[in-house]
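I have a structure here, written as structure tokens, and I will follow up with some questions on it.
Chain nomenclature is as follows: A, B, C and D, assigned in order of appearance, with residue numbering initiated at 1 for each chain independently.
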């Protein structure tokens, strides 16, 4: 019986970074305040003392500059981990990510490879107001040439980085800020690597499939628990990979429950939920007993005031209501 | 042009090679203009005619192992670096035998064998990449540099400042070559930059910089050898502002309303080939006959390149999604 | 609470449990089960309703004493605090 | 020969007035030539021709107003003799998408619908329900509309017990919401078919529930009124646990072969007010605690009475339990709900004389009857089940 230890999501990220740095000299971490400051979310605290300034590189506030440099270094044979502090600031380097990282392999006819990992914090919920509360995973999950993953559990936070670094193509890893303090169990076995290609059924169920990812997973599970008390049994699917989407797992679940509720903190229009809903309609229409429900953020710049922010974001009650709507109750 | 150029081989054989490369670029670009008018080449086409001295001069100072990052006006750089004219032309035709397998076109010529990372069509987009390539070389202690070409228009982009600062801050082996041809598409330099001396921008960001006569291939080679030596010696990045001029429009869709004909003619009189021919023939190193035979030889090369491009097959549509991701990297991608 | 108010309260509590009986006349000395289609779940909910409304705890052994309108009102009256 | 027609120049353009011909019959014309001017609500617009040929006959003269798509003139192909029959030309559809809209707009192209159908609101049938009905060989048109005016899996499942109503029956107007009479008729028909097709056998036992009722009374005294247990709750659990080791009674009979079920979903027969019985499932009843079973009942019964049943609740039961309840009758010989293969009937709890250690005493007892499908099981498996149920009910605190 392997022993279990309990650590935080943040700690799991730090362990994963440290393991990567120890195991491969080509790996280095670059980003604003990742060194002396220890990372805006304290995910790289202490790493600079162990690995030095060469491999834990604080950068100027130049997102396009250092992200482009990360891409160049990957082209040059390194395995960089670029930390863009939050997805909000990634709008300043989205040109480098889309026009260079995602495009070079195809546009060069397969001559160039960009084995780069970019980590970004994402999501709302801390009253940071509109400019610091975006959830734009779908912008990147839209782009061919990128892989996009969203670790929602401590095990995934600990285990995904290894596979992302091994991947010869650019991988963007989204860490929802609400998860950093979450605590979870990990086996004490040495190899904690997890795959980054497949969704996972976090909770089996019969009456409806709740499909979600990242920071929305805890809300989906809470809604499912609340509903089970009322005799409604929900299956909860954690996408884990946002590009490519593991639609096999989603469609198999919808085929069983005949009802789909997608929870996505992005804005409804053009959201990842919209893409999944379209694919369900295209590939599982005849399994549907009710229209696909989507629980997304209200289409407003996320407000500062707490009660407004809560009203804008997907909620446990909102998810439960959507399930009941799908059940025509 | 100057009377002497230290560090530059002024013997016949080397000067013949410089002439040959410049004539090849000139002839290749003029053929492209013709092919564009009969819709053989489509999309955007930005010609290098008038600026040949820069690519040819700089490439002389680079090693096979050095990396090159350029812009959408990169045909001359590709040819001067040694990419086969047949493949460059095939790329203009969008053929699978092209340098980028027909996927990049005129603005995205690239070839890994020559570490020619290619054309970048986003103004300033290549600069951070060049910094990254140099960062990798420094971290892996490899003795080589990255040469980054861009126009003066890029100086207005944030990425210009971010990249030069990073290169200087981390003392990275980057050679920045700014081909200042006076116009960012339709905007003259004095209408877009408060400080029109681009080399001063570089100095303010901590990158040693100087201007070079971009119409004089020998001056370009001389300045590049000096700068490259400093970079290889680990003194960090260097910056060359090559002052030059493009004789043709920004691209094929441009009515050139922003400059008058007289100015163009005036620069043509001081064109790179005109000056180089006069300088070499006056000193009796090369002869009129040399230039004529070179032109004949180049005509044949360009004609062959066109035949190759015409005959080359297109990439099958079935391969459309090939190389979006690395094959086998993710089963889901393969399955869905 | 007067006798009439209590009678009305019992009627309302019964109709809460079985909304489709709304408006039916209740014969005061016949058991609810006999007059209407009330099963054990309905009766339990009826007892819970009365407890909530009056605070009177009705143990299972007293169910028989609250099975008709008349006896139910009497039972509640005797146990409600003034 | 081809026709030059009045083009539609705007999504909302119905017709146009020909103002002037710019070319005369006999003129040769080329693709892109301007050959006429038309007055529209938006003003005079020059009309381009998309054909090469010779302008033959002018059909519409200046001043005439004609509808979009009408022929204005004939164009002869250069050098082609008339003998070639003009191929049927569809209306010239200009590139603008809004033009396509006006062609399809109901005012012009609406096919005539039978008046009767026009009055009925469209029947909203979920794709899954349509597919399930097809699989079951059910005519979806006969399925009753569920709550919210939608026919879903639940409605198909409910109809699954129906014999197909003969076409002679006049199609009743579709009523919104839950129709108890429709449900009653449906269940009556299903029971008749079940009785005909399934060879029922019956085995009963009278069980001493004194320990069980004592335990329940004690348990209820410890609970507040809201949390009080009805005896049905622990009884459902006991029946489910007893069924675990009796696969021949717990499963479904589909297309002539029996599939035992590894879980025990107990359909609880619930009386609908005003008559009719429906038995939606309590899933995995054997895994529930008495309190959980009670919570399921408390949630299920009012919802079922309001007609809000879920598809899985109708399709999933692997056995049905029918409890007569207080002051009713001693025993019950129920009819099996297809596709199940057994049903348990419980009579009312009674006080009866009972022999214990050779002496007569009074015990609270209940007669439990198993109705089984002889194609799948026989009296011995029913008897085994009843004995196991008896043993479980003698140790109620284990539930």
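The definition used in the following text is that a residue touches a chain if its C-beta (ideal position, glycine included) is under 8 Å from a C-beta of that chain, and two chains touch if they have at least 3 such contacts.
As the structure is a computational prediction, the values presented were derived from the model and not from experiment.
Nearest to the common centre of all protein CA atoms is the CA centroid of chain A. Centroid to centroid, with C-alpha atoms defining each point, chain B and chain C lie 95 Å apart. Inter-chain spacing, taken between the CA centroids of chain A and chain B, is 40 Å.
Centre to centre, using the average C-alpha position, chain B and chain D are separated by 68 Å. Each chain gets one centre point, the mean of its Cα atoms, and the points for chain A and chain C are 57 Å apart. Under the stated contact rule, the graph of chain-to-chain touches is a line, running from one end chain to the other without closing. Interchain contacts (touch definition given at top) occur between A-B, A-D, C-D.
On the chain A side of its complex with chain D, the touching residues are 206-207, 229-231, 233, 258, 285-290, 327-329.
Residues of chain B touching chain A in their complex: 67, 98, 100-104, 108, 110-112, 117-118, 120-122, 125, 127-137, 139-140, 146, 158-159, 161-163, 165-166, 169-170, 321-326, 329-333, 335-336. Chain A meets chain B in the complex at residues 26, 28, 54, 57, 59-60, 62, 64-78, 80, 95-96, 99-100, 105-113, 144-145, 147, 167-169, 196-198, 241, 244-248. Chain D contributes residues 217, 220-221, 225-226, 228, 230-232, 271, 273-274, 297-298, 301, 325-327 to its touches with chain C in the complex. Those residues of chain C whose C-beta lies close enough to touch chain D in the complex are 18, 20-21, 33, 37, 39-41, 44, 47-48, 51, 57-61.
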